[in-house]
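Before I ask anything, let me first share the structure, which is written out below as structure tokens.
When the chains are written out, they are named A, B, C, D, E, F, G and H in that same order, and each has its own residue count from 1.
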Amino acid sequence: MKPEDIKKILQNLKSGKIKSSEAYDKLKNLPFENLGFANLDHHRTMRTGLPEVIFAPGKTSTQIIKLISSLKKSGIDVMITRADKTLFKQVKQKFKTAEYNSDARIMHIAAKRKKQIYDDTVLVISAGTSDIPVAEEAAKTLEVMGHKVKRVFDVGVAGIHRLFAHKEVLSEASVITVVAGMEGALASVVGGLVDVPVIAVPTSVGYGASFNGLSALLSMLNSCVPGVVVVNIDNGFGAACAASLIVKGKHK
Amino acid sequence: MKPEDIKKILQNLKSGKIKSSEAYDKLKNLPFENLGFANLDHHRTMRTGLPEVIFAPGKTSTQIIKLISSLKKSGIDVMITRADKTLFKQVKQKFKTAEYNSDARIMHIAAKRKKQIYDDTVLVISAGTSDIPVAEEAAKTLEVMGHKVKRVFDVGVAGIHRLFAHKEVLSEASVITVVAGMEGALASVVGGLVDVPVIAVPTSVGYGASFNGLSALLSMLNSCVPGVVVVNIDNGFGAACAASLIVKGKHK
Amino acid sequence: MKPEDIKKILQNLKSGKIKSSEAYDKLKNLPFENLGFANLDHHRTMRTGLPEVIFAPGKTSTQIIKLISSLKKSGIDVMITRADKTLFKQVKQKFKTAEYNSDARIMHIAAKRKKQIYDDTVLVISAGTSDIPVAEEAAKTLEVMGHKVKRVFDVGVAGIHRLFAHKEVLSEASVITVVAGMEGALASVVGGLVDVPVIAVPTSVGYGASFNGLSALLSMLNSCVPGVVVVNIDNGFGAACAASLIVKGKHK
Amino acid sequence: MKPEDIKKILQNLKSGKIKSSEAYDKLKNLPFENLGFANLDHHRTMRTGLPEVIFAPGKTSTQIIKLISSLKKSGIDVMITRADKTLFKQVKQKFKTAEYNSDARIMHIAAKRKKQIYDDTVLVISAGTSDIPVAEEAAKTLEVMGHKVKRVFDVGVAGIHRLFAHKEVLSEASVITVVAGMEGALASVVGGLVDVPVIAVPTSVGYGASFNGLSALLSMLNSCVPGVVVVNIDNGFGAACAASLIVKGKHK
Amino acid sequence: MKPEDIKKILQNLKSGKIKSSEAYDKLKNLPFENLGFANLDHHRTMRTGLPEVIFAPGKTSTQIIKLISSLKKSGIDVMITRADKTLFKQVKQKFKTAEYNSDARIMHIAAKRKKQIYDDTVLVISAGTSDIPVAEEAAKTLEVMGHKVKRVFDVGVAGIHRLFAHKEVLSEASVITVVAGMEGALASVVGGLVDVPVIAVPTSVGYGASFNGLSALLSMLNSCVPGVVVVNIDNGFGAACAASLIVKGKHK
Amino acid sequence: MKPEDIKKILQNLKSGKIKSSEAYDKLKNLPFENLGFANLDHHRTMRTGLPEVIFAPGKTSTQIIKLISSLKKSGIDVMITRADKTLFKQVKQKFKTAEYNSDARIMHIAAKRKKQIYDDTVLVISAGTSDIPVAEEAAKTLEVMGHKVKRVFDVGVAGIHRLFAHKEVLSEASVITVVAGMEGALASVVGGLVDVPVIAVPTSVGYGASFNGLSALLSMLNSCVPGVVVVNIDNGFGAACAASLIVKGKHK
Amino acid sequence: MKPEDIKKILQNLKSGKIKSSEAYDKLKNLPFENLGFANLDHHRTMRTGLPEVIFAPGKTSTQIIKLISSLKKSGIDVMITRADKTLFKQVKQKFKTAEYNSDARIMHIAAKRKKQIYDDTVLVISAGTSDIPVAEEAAKTLEVMGHKVKRVFDVGVAGIHRLFAHKEVLSEASVITVVAGMEGALASVVGGLVDVPVIAVPTSVGYGASFNGLSALLSMLNSCVPGVVVVNIDNGFGAACAASLIVKGKHK
Amino acid sequence: MKPEDIKKILQNLKSGKIKSSEAYDKLKNLPFENLGFANLDHHRTMRTGLPEVIFAPGKTSTQIIKLISSLKKSGIDVMITRADKTLFKQVKQKFKTAEYNSDARIMHIAAKRKKQIYDDTVLVISAGTSDIPVAEEAAKTLEVMGHKVKRVFDVGVAGIHRLFAHKEVLSEASVITVVAGMEGALASVVGGLVDVPVIAVPTSVGYGASFNGLSALLSMLNSCVPGVVVVNIDNGFGAACAASLIVKGKHK
């Protein structure tokens, strides 16, 4: 319900087209989303170009297929994160356009509507090869949302010259997502080299005192580089959403 | 050292202006900062408009005054965070232009050069009155960096209508910083209402099982709203830096 | 043993019907449960209408069937929580009236005696679809105990208008149970909107820094809304028992 | 704004008393609190009889006096928790009716309006003498809110007969608050003896592996007695609020 | 090597039966265990009547069988803890006298030598039925070591009268081992009732905030009853050893 | 109330010396302690020879003096732990016989009655000089309780020969208390050398990753020596109580 | 690229053998490793004699075989840690010279080049038999790197004379690696006996409050013996690398 | 007691110079330190050149002066760590040669004997200025022990070029100690650049989620660079001891 709708009701009342009680009935259920900013919320998914996302773990394939069906009706992209191959095969039978990225563990069922494409590059950097699933979750999510993505993988601080070999890519990015497990030092090193927002994603890669990503998480939260921001452990998807909001903010 | 400089050395060698050993000496100490993006690093402070920052806790007033003197020479703003009134009085005697914001616990010694001012609004929201020092640290830091800041304080989720009363301010911000202690729920609620980047700052406000901010920190890292990013507990300064980088990215 | 019983023993002794040593023997083994409130304890299950509950994990089907047999003899409801389908099939062969709620993972073997039904509504709210098993454990337990239950599921704070759409249900409940994982913010938001007791149930839903429900647990314990109370992670059953005691307290 | 107010605006518009644009202006800012249940929130403090509460730690006496002044205008009780004697003396000079309970560390400035008094007894039990400040915070808060309170202090499980000596008081309470530090076992023992809601308050009393109340908190969350609910460490005030809501629920 | 042996060497040297260099050779390798108390260590197993114990988890059946063979040669009891049925069957084929207690998960291969039997009763109490494997590990270990054991199981504090029904057994025990998971309150309650040593064994029974036994462990360490001592989570074996040393100390 | 007392009441009733209602009144308040083992509890302090103990931290000197006065009436020893010199001076003015051990931080006001003295030696070992306050708390408590104590201090594993120099003392003790901070290794080393009960007391001595005693606590709980038992961090008093119960058990 | 190479380019330019632009092209891509110390990094693997290492967990056999192929081309040793038998069989089919050490869980494909052998002995000590896999990982890694290794296994502090029986081996080692789980006390005991560097490796061996190696880790970090250094839980490989660097430092 | 001493006793016995019982008496108290390697332990301090060290916190000045007096008698260096200025002044009055390094918080009373000086350079690197006290503790300790130390301070990864500017110093060191708080990333970066042992010292510098050094500690333990070893938080002294042992190992 837009401001115009409210005005119309009032004018209709004024002009006698509707009765006072009818106007009240229409207004009393005034949906929350009419309250200015709040309707931003209701239509958030479409406006921001974020696909609807289903987090697969803990859901049966039947539940997931039901969710896809219902989401597809609104004509938007559907994305399933942390999906395995078996799930993909089951979904593929129902939704022929489903695509699967096994590195990212992401299934994607594209909507037909044309998507806006953004020129800014989002750079996704990973420290080790074991961090790639999380890095790919970020990269693939960004691509589905219409972003240009560059990937620089396996450039951890144990051999810091590997990172420096990519200096040009680093200096061209609008936003950088750094994905690292173990001690997570890469986020600080990258943050110290650039002047764009850096979103750090700790991963659960490691063993022993990495405590399933706690070490990398704390490391990133305590970065000596001001301005590095952090998302949950293994949350490549969340980092992609934050990067997307930053890029889209440039085009408002 | 620019590519041109290297070429020049080689041409001088070629043309006999310098000897082979001289060329070698010049090249062997090829400073790191000549490697393209790396010199970005060296001058990071000036380019980004970030003031040089001194974190006061654990430093004596003598040490701090020495640091200010040395930093002021480079002609940039100097900012001292987590500073108390006593420190301010001592610094003020030496640096007459020093200003102090007791809510933010920030001392600021402005540089003379004219600063760029950015039009985008950064909104700083705090959940409770006890979170204000951290919120003010973020707000004041942003202002020193040339940003327009709006403050919406004391709108925690215990009375969520207080937040909703500020719907217009919410919808106009380019970046939002949410500062909250205790259960930190405000970050998720705000994140669900807007479509701009939300930087969450957990505070150490609370007692018992808040574990000095751990509760709010975990809460924010686990936000059910994708795209909320987090900085360290009480790190208003870091949130301001991240917000600043995002806004400045729009003007590149 | 009631006060009358003791008096009777004494009178019988006085009147010579029994000997001093007989009186002593009867009194010396004076069972604990005769001490007034303590016998409340012994018959707690029946008085409160709480069914006897078997927590399935870590028990073999043989052990569980033995337990059911023994409990059924006292003529009360038997409820098995955290039960899977396989267990249900094995139990069903022995106890034909066994019923299974797969969402709640609860098996129920109803007693024949007529149960009291309470008019007050207990509202069970869940933040996400993944929280439903715990929410259903609470809801189903309440129903077995004779309560009217309303369910409002999937109204997490990422889209807070979904919650507000249920304002009437919220305002009619006598007690509200809020089930949420991840950052657990929903408990505070609901607590801030109502003036009835709110029982918060953190769930282990989430990943990474949710630390198997720790994030939601701390969040709920640190709620900025005074009066929100908390039970153990995933403890839908415990929340139901607390809600039941509150409702039954109104009918004493 | 009540439904009647909306109806009145519409009728005024209908009858020509106001213009369509005036009606729109009045409605467009339709305050959130008009949405049915939400205005419950706005007036929550008055309806529930909960006094406005100021948490003293981290606030200066000047700030607190300002807050009291502003709160007193609404004609309700003002309560300051975790207040020390020095603060009381400063406040007393401004607000002559201020009263101080040094055990509870609570300052109270009573409103003049007559308060409702509830007949149900809320029992506050403490395990040790060191738990009394928290227990008194609960008890005093309840009394300010109009409840009848009984206190049973120093009945920890090290000498369980001390608890049993109070069997009558236990069996007469409508709600019981159990305040205990160290291993917090008292909550489970009390919970096992009664059939009314038990609100457990862990305290930070203890040393070493009590980890400032963590031991008691975990103990209470893991109570083997279903239905025991828990609040934050040392949160006597929160327990009182929950108990108050339960009692008031009986009189709706 | 006993003092007599040293004396003999010296006398043989003195009397010329052996040469100085022979004496030196014998003495230079003077095993550590001859140094008074230290040889207690070497023969600790036999003297204390403790069987040699193999902790099964993480060992292959081949490794375990090799270990049994080697241990059996010294003529002592061999006990395998945390053993499953499959392992038992494999061991049984080689060692016909092997016996298995599935509740305790203990395999026992008795030595032929006659064991001393102690008259004192060691009481093993468990809070819930799920704690029985650990309780049985303690009980069975004690029996193998020659102790009289009484078991009182499933007497947790949720129904404290169940414990009180065993008052005579409680008052007759020389040492009591209390095995409890969840909130572990039973250890404090028992400790408060008796005047003999109480060894508390936290178990990993529970879920959510029990954190695999941490809750019970902290609870027991913080017992308000002075004199309660604690062993590691699930360490029924360790508790049995401690109880055995206490009882045997009475017979020195 | 002893069995004889009950019998007497009954005989008096029988013989007409008292009326039935009088007998009932006497019996109806039948104190818990008459229930066999339970009266052990009531008189626990006197029977076990344990002095009444006041834990000083968090109590005012006024409160402590009041407690001493009340405890002294029962004619038993009074002991105040964690007491500082200032407190001692204040107490000394009222109770002239008060004695203070500044190493142990224990104040003691001896009762006049003659105490039983036990022959068995309890050995108190400390790892470092910083552990001495806790070790002395254990030692002094034991002496007050009538035990013979030997002290072996500063024999940590960094120079393990220092421990071995005390082999005779080690082999003569009936119970050993090992007090150690930092890595707490001493408990395991001692446990491996002796065949008597070893009570380990972790101390908060250390810094950094000692986490106020957590390191030593975990170390002792995980001792590879079966039979080592543990008490709370810095709990020298608790270790003394356990040792005392063990020694007294030998004399029942 | 060595300094000589740079000099040669310059001389060639000088002498006209190459053109200025050719020299520039060669130098502009001047790899980072030419910057003095930085090239240490690039060739680190070969210079230090460390084999290239693949951490197997989380990688498919296909990925691992691809990695081996690529690494083998550089003519160095390839080592796969945490490898199981199945993986070995798959690798063996492709690389016939692959060898497998099942205790160490290490696969090794030796390079043909002759390796330097170091005379110093590195001693690897393990506390229990369950620590052997980690100890063997350290030992085998060292052997592959050309070191002489001595193993002393199963000498935990529960029977400290077992350690002392190896005094000669202890006194001959140049570096000692102590591998221990549970309470990890062995590292301090060994550290106190020797005057060479001691590298402590905590293992995840244990249960309950060992928290997967946390107990041993904290124990070792808090060692009362100055100079003991620590690596991550179960990180036998890392300890071997540190030991290797220490030994090789002696031969520079 | 050397082997010669034992042989002499035996010869004297053989030759009749002493009696068999005299020989026995001499041998039975055979001190532990005679057992070969164990006497290394007794004289460890002198052999290794490590000064005797007193950890000041928690000791009174009287205690410390007493300790110094006693240590000085053995003619070795005495060092007091974590000493403040007040303590120094008190000590200085008694021991005129005492020197104080306020950055390192170390007091040193040099012995007169000539110390060996080692040529190898130990490099001490610190990340931030706040880490300097710990770094200086390491550096000063090394100097007292006779080592050549180079310091490179304030080269954290936020501006990594600052580290690279010291490439020559890095490549010349025999051992490197990296001192860093916050995220501790510097240890991994340095470790990746060099081929000598790197000893990482986490510091408690930081706030919020640094948890008093836990973040840096975990970061360093999880270093992706194999061979980095770690000591306790703030343990500059321990790192110095380890570095010293490594250097001295080169000169054996």
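What we mean here is this: contacts are C-beta pairs under 8 Å (C-beta built on N, C-alpha and C of every residue); 3 or more make two chains touch, one makes a residue touch a chain.
Predicted, not measured: the structure shown is a model, and the values here were computed from it.
Asks: Can you tell me the least number of steps between subunit D and subunit H, where a step is a move to a chain it touches?
Replies: Minimal hop count between subunit D and subunit H: 2.
Asks: Return the chains common to the contact lists of subunit B and subunit H.
Replies: Correct list: A, G.
Asks: Which chain has its C-alpha centroid farthest away from the centroid of subunit F?
Replies: A
Asks: Given the two chain pairs A-C and C-D, which is bridged by the higher number of C-beta pairs in contact?
Replies: Most C-beta pairs in contact, of the two: C-D.
Asks: Compute the rotation angle for the C-alpha superposition of subunit C onto subunit E, expressed as a multiple of 5 degrees.
Replies: Superposing subunit C on subunit E takes a rotation of 90 degrees, nearest 5.
Asks: Based on the averaged CA atom positions, which chain is farthest from subunit G?
Replies: D
Asks: Look at interface B-D and say which pair in C-D, B-G or B-H is its repeat, using the rule that over half of the contact pairs are identical by residue number.
Replies: Checking each pair in C-D, B-G or B-H, only one repeats B-D, namely B-H.
Asks: Where the centres are mean C-alpha positions, what is the separation of subunit D from subunit F, in Å?
Replies: The answer is 39 Å.
Asks: What is the distance in Å between the mean C-alpha positions of subunit B and subunit C?
Replies: 50
Asks: Can you pull out the residues of subunit F that are in contact with at least two other chains?
Replies: Residue numbers touching two or more other chains: 32, 35, 38, 41, 44, 159-160, 164, 192-193, 208-210, 214, 217, 221-222, 232-233.
Asks: Between which chains does touch occur?
Replies: A-B, A-C, A-D, A-G, A-H, B-C, B-D, B-G, B-H, C-D, C-E, C-F, D-E, D-F, E-F, E-G, E-H, F-G, F-H, G-H
Asks: Residues of subunit C touching subunit D in their complex?
Replies: Within the complex, subunit C contacts subunit D at residues 35-38, 40-41, 44, 47-48, 50, 53, 164, 167-168, 170-171, 174-175, 192-197, 199, 217, 221-222, 226-233, 237-239, 241-242, 244-246, 248-250, 252.
Asks: Touching subunit H in the complex: which residues of subunit F?
Replies: Per the stated touch rule, the residues are 129-130, 159-161, 164-165, 205, 207-210.
Asks: Touching residues of subunit B toward subunit H in the complex: what are they?
Replies: These residues of subunit B touch subunit H: 31-33, 38, 41-42, 44, 55, 57-59, 63, 202, 204, 212-214, 217, 232-235.
Asks: Which residues of subunit A touch subunit H in their complex?
Replies: 127-128, 156-160, 182-185, 188-189, 191-193, 206, 208-211, 214-216, 218-225
Asks: Residues of subunit H touching subunit E in their complex?
Replies: 3, 6-7, 10-11, 13-14, 20, 23-24, 27-28, 30, 32, 35
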